[in-house]
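Consider the two complexes below, in which chain A is the common component and chain B and chain C are the respective partners.
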Partner chain A sequence: MTFRNAYRKAVNNVMLTLTGVCAVITVSTLFIILAYLVYNGGKSVNLDFFIKLPLGTGETGGGMANAIVGSGEIILFASLIGIPIGFFTGVYLSEWGGQGSVYSFVVRYMNDLLNGVPSIVIGIFAATVLVKPLHHFSAIAGGFALSLMLIPITAKNTEQFLSEVPRALREGSYALGATKWRTIASVVVPAARKGIMTGIILGVARISGESAPLLFTSFNNQVWSNGIQDPVASLPVMIYSHAISPYDDWHRQAWAAGLVLLVLVLIANIAARLILTRGSSPGRG
Partner chain B sequence: MTPMRAKSAPPSTDMNDTSEAIVPDQTPSAKSHPAPQSGPVPQAAARPAEAKMQAKNVNFHYGTFKALHDISLEFPANKVTALIGPSGCGKSTFLRSLNRINDTIRGARIDGEITLDGEDILKMDVTSLRRRVGMVFQRPNPFPKSIFENVAYGIRVNGLASRSELPGIVEKSLRRAALWEEVKDKLQESANALSGGQQQRLCIARGLAVDPEVLLLDEPCSALDPIATAKIEDLLVAIKDQCTIVIVTHNMQQAARVADSTGFFLLGKLIEHDRTDVIFKNPSKKETEDYITGRFG
Partner chain C sequence: MKRIYCAASLVSLLFAGLASAAETINAAGASFPAPIYQKWFEEYKAKTGVAINYQGNGSSAGIKLLTDGTVDFAASDVPMTDDQIKAVKIKPLHFPTVLGAVVLTYNIPGVTADVQLSGPTIADIYLGAITKWNDPRIAADNKGIKLPATDIVVVHRSDGSGTTGIFTDYLAKVSPAWEKKVGRGNSVQWPTGLGGAQNAGVAGLVKQTPGSIGYVELIYAVQNKMGYASVKNAAGKFVKPSFEGVTAAAAGMKEMPEDFRVSIANGPGDKTYPISSFTWMLIPSQISDPAKKKAITGFLTWMLTEGQKDAQALSYAPLPPAVVAKEKKQIALIK
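Showing the complex of A and B:
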């Protein structure tokens, strides 16, 4: 009996230690990355980084103003395409695509598959349909590639939060003579609004750091781009091109870009958490 | 409460055809359905015993499960009708058929005839049916909006009144639901901040705002304390001169307090329907007597 008890206690302690150590590894990985980035990037980032253009090969100084604006431009395109399509797909799957429907099973499954397609493949696909026929890289092609990543994230998240809205709320609306679409638009979506918005912000944050889909689509640009049909610089691609270069000052710039990108993503994350926790009313999300 | 034994309990073989045989003999005028009327139906005060809604041989299936067997029942205008019976007996399913809210459930199927003012509701446009036949649910289900917006919702979705008329209608509806005094200073606050009893009265106000001809209530007090329950019962009695009320309840005292007539359901069948005092004092069926005296259910 005492042996049995000691054994049970030992197992308990071993498992507690094991799970605890894994948790520490997870958290500390993030902190090591953060600390390293803040240390290296903090030294490198300065006002010039935000307001100046990159200088020529091997020159010291300059900044990545064009890449910051370019990233914003590409993400804006991606959001304009990806958020509405993803959102409405999610609404369809949750509200019209029941469990028994073959069509929505296929849509749901394809959506999951699209979510799992490697980002480099997405980039090649976007290059094939938008860059090759038009014969030049462009901000639009980059935005299109990223939107293909944003659609499945948004759709999945929207479907999940909508299907958590209690049936009683929908019935309350139907019982007053509201149509199905009116019920969705006026009751169901507002009830799930915070979750959906949080998911969208996190999705946008997730695609902001993607470089692979942009390598063959928006490419890169050392100066301001002339328009949305032109190649455009972006932070992730800048990090890539600067980090593999042989010049110390470019490495410094890459660290700065990494830090700026990370801070932007963190801000988006925190904003999303605030939205989700602040206005949430008791009982209903 | 002990029923008189003068009417001996029917032999149990009768059970299967009881539902067809039920005609409330105390209200002979309700037996004959009013001739179909053209044009707007005059408000019911003139002929209070007319059937506002009538169900004839209603059968209901959830997939392969038959939930209702051949239900025929009529609801006289401006009266409160209670539906009682043990859990799972079909009374809620039947109530939910009266505004076709069951249409939204996959695999649900209904046959038979249900009429509202003589018009078949199964052929009616479902949104206009639900505007005329309101519903209050078992658990309060206010929308996650302000108190004002909750009450205004039905008006807005049906386009029943202009924006400037809304505040007046909202106030009137809240007054009818005996909630106005408690919420008049916080109309813009979230409805979720109200207590359970207040939320349920808000849901009643929301239903009343569109001026329904019939109000269906599905165990509206089962989640509420006795004080909130008393308030809701009072308001049901107060509003019945303006609409016809059908209430499903587990609470037999509640049925006795508010209902003019009561129907007893068992295993998907309507066993008996009569004046409430007859059902409770002198039921003609043994199953009814057993249920109300607490022998089962």
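Showing the complex of A and C:
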């Protein structure tokens, strides 16, 4: 008996240590990445980086003003396309797609598959349908590619938060004579608003660091983009092209771009947290 | 509701701002001349306001994008083949812009002196037949330099590249073994080595990999203060790649053909650097948008006169005057 107890205790301790170590590894990885990026990016970033255009290959100086704006532009398009489609898909799956429905099973399954498609493949697809036929690399094509990544993230997240809204709330609304549509629009969605918003912001943060889908859709630009139907510079593509180069000054700017991108994503994350904790969203989970 | 309205008007403002910018020409291709092209486009924009967006993503990519019609013009370090020209809807014209050198750049620990290499030795290194820096065949050309017994890490291009085209064309001319086993082309079956994207990628890999050797345009080695080899030319002399060596190679050319498609690899002359080449802009012979046509022909005219003065500072050689005169006539063919 005592032997068995000692054995169980030992196993418990080993597992506890193991999980603890893994947790420390996870957190410290994040901190090492952050510290390294802040260290290298911090000494690299300067005012020129925000207000100047990139210089030619091998020249020292210049900035990435066009890439910062370009990234914003592409993410805006991706959001305009991806968020509504993803959101309404999520609403459908949660409110109409019961367990028995074959259609929603297929949609849910496809949505998960789409979420797992490698981003480079999404880039090729967007290039084939939007770049080749129109003979134009464009900010829109880049936004379209990223929206394909945003849709499944938003849909899944929206469905999850909506289905966590207590059934009693829905029943109360029906009892007052509201139609199903009214119930969803005025009761269910507002109740899950904070969670949905957080999910969307995290999804947008997730796609904003993607370079692969942009390489052959929005391409790259040395100068200011001439419009939404023209190639446009973006921070992830700039990081890629600068990081593989042999120039020290380009490496510096790649670090700076990494830091700027990270700060933008962090701001989005923190904003998401604030929205979630503030106000009176019904408790979730 | 008010908030939504505000957001909408903000978005429309952004769009309006983006649409009102001036015309941009989009071009892509060779990374070999990218440093001078981007310098030219900056200067030309300052002078005329015409912005040209040039992405040096490789000669093969440039030709592909021209064929797809996704760029206004392309650039390549190797002339297009007849089949490639046929595949493009609007026939492209070849405009030589400058000449440059493909140099063998290396990172040998402990060696600061200039290494000398002969063509067949380079071919054997890239065939994987020579694997150590102290191989007797390398040592024979480098008396007085103590080469280490380090393994050679061969670096080549991973993308379709005109620089590769020039390099393999040269190797095929000097090494029958290379011609038989690998041959010429923008992308070849490399027997050995690591791949890097574009000239910058190869230079980056060589810089970071001790024992490595790679081939890039001269300016990439100069800008990064990397060692590069003197290469034995057809006259049997070792020539350090330089502005003068490339200029001599251009002078050794017999005659420029009508369509400007020419190779000058392994050319004659004591001072000639053997792995030299013209590099070309590929301009559609018909440009339907009058504003774009004016911008592109205007740039070509400027490039052939004012622009040539920038070449030497970036270690490229300017075009011989006879070629410039010939090209000026070709500009008139753009309809």
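Heads up, the rule we're going with is that the second predicted complex is superposed on the first by the 277 of 285 C-alpha atoms of A that agree within 3 Å, B and C clash if a C-alpha of one lies under 4 Å from a C-alpha of the other, contacts with A are read in each partner's own complex, and residues count from 1 in each chain.
Basically, contacts are C-beta pairs under 8 Å (C-beta built on N, C-alpha and C of every residue); 3 or more make two chains touch, one makes a residue touch a chain.
Just so it is clear, the structure is predicted and the values come from calculations on it, not from any experiment.
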| item | value |
| --- | --- |
| Superposition on chain A - do chain B and chain C clash or fit | fit |
| After the two structures are overlaid on chain A, angle v-u-w for chain B, chain A, chain C in degrees (C-alpha centres, nearest 10) | 160 |
| First (chain B), second (chain C), both or neither touched by A:40 | neither |
| Which superposed partner A:245 touches (first chain B, second chain C, both, neither) | second |
| Partner chain in contact with A:98 - chain B first, chain C second, else both or neither | first |
| Which of chain B and chain C A:177 touches, first, second, both or neither | first |
| Touched partner set for A:269, first chain B, second chain C, both or neither | neither |
| Nearest-approach distance, in Å, of chain C Cα atoms to those of chain B in the combined model | 17 |
| Complex interface listing, chain A residues touching chain C | 55-59, 73, 76, 131-132, 135-137, 219-228, 230-231, 241, 244-247 |
| Residues of chain A touching chain B in the complex | 98, 100, 166, 168-179, 182, 186-187, 190-191, 281-284 |
| Residues of chain C defined as touching chain A within the complex | 11, 14-15, 18-19, 21-24, 26, 28, 31, 34-35, 37-39, 41-42, 45, 51-56, 68-70, 196-198, 200-201, 203-204, 206-207, 219-220, 223-224, 226 |
| Partner chain A, residues of chain B touching it in the complex | 99, 101, 104, 106, 127-131, 134-135, 137, 139, 141-145, 153-154, 156-158, 190, 192-193, 203, 206-207, 210 |
